[in-house]
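Structure first, commentary second.
Order as written gives the chain letters A, B and C; numbering starts at 1 within each chain.
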């Protein structure tokens, strides 16, 4: 999680021209080959995880003891089997469902919290804004893994609680981005105009300011999914993650270290899946940033 | 300047107070407690467990415990570990060396490689090298650190036998070379992310400088390109880079925790993990406060240096 | 084994006690498993005249508590055993050998009289503390009093709280009275390390005395240095009163992960692995390592499924019988644990003198399990889960997160039970949570746990099985499954008050039959952990009656 370069989104970007979805932005995105590759990979992974388990002869929990520790590409189990003889491909795809779901859900919750906090803090400033942003700063004083571990002590490990845990530790950067955006946007003419028309604060925030801040929010959201998938793998690796028999990419790696010599594929396959998914999201995020904010092109 | 410093210090103290409340609340509201480790064995009775919990003062209301902790903290007493009865500061001090060794060497490594890749990328913008470096940095940022550690162990320790699979040194052999040998693996693993971050920042920082007027002027005067880059551009690009290092402290600490776990490195990360799982509240709080101070110092340093480097930077906000 | 190869920061998952009582026949087991100096082939070379060399002992948990009277976990005993002594010490064959005492008190030698109410101990002459001060009966008196001192964080007061009227009757003679006859106290004292009065009484508060960070004892090794998070170094006490020490230095090296620890054993960075041992999945590979001896050692720890007897389904004895009949023990042991562990029917280790070998053997029989449930009125419902009076036959099994082999074990059970209409959920939690109130206040539905049901090395299980020992009800004891059985209570009371081993044996055998019938715990296997050491290390001797196999480290040395 350490790797996600939130910092570059933290600077307020110029509001893009309205209706960017059908214009230069999208074209720039399409020109960004890595981003297209990332998007294609994610679509492929998502489809594989949704459809794949239906097509395989094994389920993720079917225990086939006689075939345990089968190496990949050596028999009926395409990617081999784990210590209980369960099919790794089936587990990988089921785990993908969980990990991607964790990634997207955690992102959605983190975005919701971050946007609300950032919007309120940026719009009202003053004591309320300062208090909110100091809270954000305080949360950012904890190195992310330290915070994840501390909060993981609070919850019992299940899919929803892990989603919440990750969301609770990843909304702060979003709040910062949104706060800075809103603070600069609200001094602009169109916002001032809305005020003079007597629009309510809520209306101004949601109808006028938020849509204009959407570019960095979309970028942050993409990077947030990457962050969440990584975070899930970290807590699982450290033993506080989603519990078996539910597979996730992270907990497939959990005991892999002890089989590193005898069955290295147990570590390599899920790790590669995580890296692939996270890289793809980062590519998309990068592409989006270039597409939505021409000023940052080339960085 | 001094007013700015004072205000930042005041803000930092306020942040530390909030951090301590959040940390304390999370820890003490979590289920389980320091008695769990003893309950599992079955030879201590409930009466024994309850008595010790009471002797530790764990039965009092949380606000009372917090205020007492804060009061002691303000008088410089970080408390005593439940596990080994040692003062918390003493425990942190005895683990910080290993962590700093790892963090500093890997930062150095990351700076060297990152700067090199970044500069080269900036010079040959859009070349094959530049594209590869960009993609490589992206992938480096996406690899789970612990998994990369496992791969390094698998390849270099299990497979090739070049590197030890863990520890800071071989027992009974405390020689410098032995320590360096042990440091290589974790250092590479921890440096991975930093290298990627450094190379990207270095590249953009260089590009920014290169496009500035005085460089253009120098170029127009016919100063050799190499000299322009090394003399003028690099120097001006480096200063803001130092600020990145300050802001990078929390990331580095997180990475260190994971790396230490994979390589059984006896540093703060291990201590934190152990202390969390034993619910050694005083030590966990101590580490949280200590890292918060480190993080705040890092960002303060970054701000100060940034201000020095570019006086136009506003000191309001943030 | 309890803490298999994971990154999980480890609480001692349920402790592994390797202590057993006064066993009469345990020597046979040792010989059978090819252990002991005898089994090492030719006669070992003689020990060096002067302490020399060092040994690096690899531990997967970190010893952190050094005052042997304060709370600590098993691994802390590796230090206590070297630095301190007890009045007597349990040997691998179960006999007690006097250490600080001149002889072990018994009714025969008059040390214990008035039916167990009066105790008298003579201490050995010429023992000194590491700082040179003489060891006297005052130290023993101080130790026993400190344990009961109100403000002191004593580890446990079980047994000690019955001690009254401690009198020092001579420099090396001490006597006391017991509030009631309590036979297990002899065993408890074999695990009660004596601390120096002259150092601890100086401290304003013994809880925070400097002594606790740099202990001074009478043992074969003196406290050296500690690098927290990494290692502890002990140095030879050349004035030791017993045999040895032959090693100049002993290093206790903490490697926080069993896999990593094993890797370091393989490469020779640590000389031996004890305690949590070598993970089962490396056993086959480890025995082939050149220059290493790898042994399965006897352990008194049991892996049990611990039901909460207040759970609506698990409270039914028929359900427990059906569950027990449909656990494929052999598959679990063979597949998950590579055939290492030993299936068991008793709550007592098989090496114990009170063990009953004639208990009925469990066999994997899902059809029988189904029949038991049918007969008891648990009928299959539409969803496939059995029901009785509106109560579904479903429950959760919890264990510590990160225990990879236990997780596999759970998944095998889950699959077996599902086939006979029992729905089992897996609900694992971090150690600090599971062994908190969840366990001590009986908030679990069932647990998969490695634990022991004895009092130190005595067979008395009263604090685990007594109906007055349910923490959720009386706030005392460790009967977390909440078993209440009048017959068992009576047997355990009788056992505590009887000093004659033969009579006690009969009592505890009756209790084992009762526990096997009622199944307040479902015994799965007795641990057989794997330890290993470098060839050339002489003197390593597994002891089921010691908590750690560093119990005789003073007598270790390297063959030259």
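FYI, contacts are C-beta pairs under 8 Å (C-beta built on N, C-alpha and C of every residue); 3 or more make two chains touch, one makes a residue touch a chain.
As the structure is a computational prediction, the values presented were derived from the model and not from experiment.
A.B. asks: Look at all chain centres (mean of CA atoms) and spot the one farthest from the centre of chain B.
C.D. replies: Centre of mass proxy via C-alpha means gives C as farthest from chain B.
A.B. asks: Where are there more C-beta contacts: B-C or A-B?
C.D. replies: When A-B is set beside B-C, the one with more contacts is B-C.
A.B. asks: As a quick test, compute the distance in whole Å between the mean CA positions of chain A and chain C.
C.D. replies: Centres of chain A and chain C (C-alpha means) sit 46 Å apart.
A.B. asks: Centroid from C-alpha atoms only, then distance chain B to chain C, rounded to Å. What do you get?
C.D. replies: Inter-chain centre distance comes to 40 Å.
A.B. asks: Indicate the whole-number Å distance between the mean C-alpha point of chain A and the mean C-alpha point of chain B.
C.D. replies: So the centroids are 22 Å from each other.
A.B. asks: Please set out, as single numbers or ranges, the residues of chain A touching at least two other chains.
C.D. replies: 153, 156, 237-238, 257, 260-261
A.B. asks: Counting only residues that touch at least two other chains, what does the list for chain C look like?
C.D. replies: Counting only residues that touch two or more other chains, chain C contributes 7-9, 257, 430, 432-433.
A.B. asks: Check each residue of chain B and list the ones that touch at least two other chains.
C.D. replies: 30-32, 146, 261-262, 273, 276, 279, in rising order.
A.B. asks: Which of the residues in chain C end up touching chain A in this complex?
C.D. replies: 4-9, 257-259, 279, 281-282, 285, 331, 335, 401-402, 404, 407-408, 410-412, 414-415, 426-430, 432-433
A.B. asks: Can you name the residues of chain B that touch chain A in the complex?
C.D. replies: 11, 14-16, 18-19, 22-23, 26-27, 29-32, 125, 135, 138-147, 150-151, 153-154, 158, 193, 196-197, 200, 203-204, 207, 247, 249-255, 257-258, 261-262, 272-273, 276, 279, 284, 287-288, 291-292, 295-296
A.B. asks: Hey, which residues of chain C end up touching chain B in the complex?
C.D. replies: Listed in rising order, the residues are 7-15, 17, 54, 56, 62, 64-67, 70-71, 73-74, 151, 153-158, 207-208, 212-213, 227-231, 251, 253-257, 260, 263-264, 267, 269-270, 430-440, 449, 451-453, 455-456, 463-464, 469, 471, 475-478.
A.B. asks: Give the list of chain A residues in touch with chain B in this complex.
C.D. replies: For this pair, the touching residues of chain A are 1-5, 7, 34, 134-135, 137-146, 149-151, 153-154, 156, 226, 230, 233-234, 237-238, 253, 256-257, 260-261, 264, 267-268, 271, 274-275, 278-279, 281-283, 286, 298-299.
A.B. asks: Hey, which residues of chain B end up touching chain C in the complex?
C.D. replies: 30-33, 35-52, 55-56, 80-81, 83-86, 91, 94-95, 98, 146, 157, 164-168, 170-172, 261-262, 264, 266-267, 270-271, 273-274, 276-279
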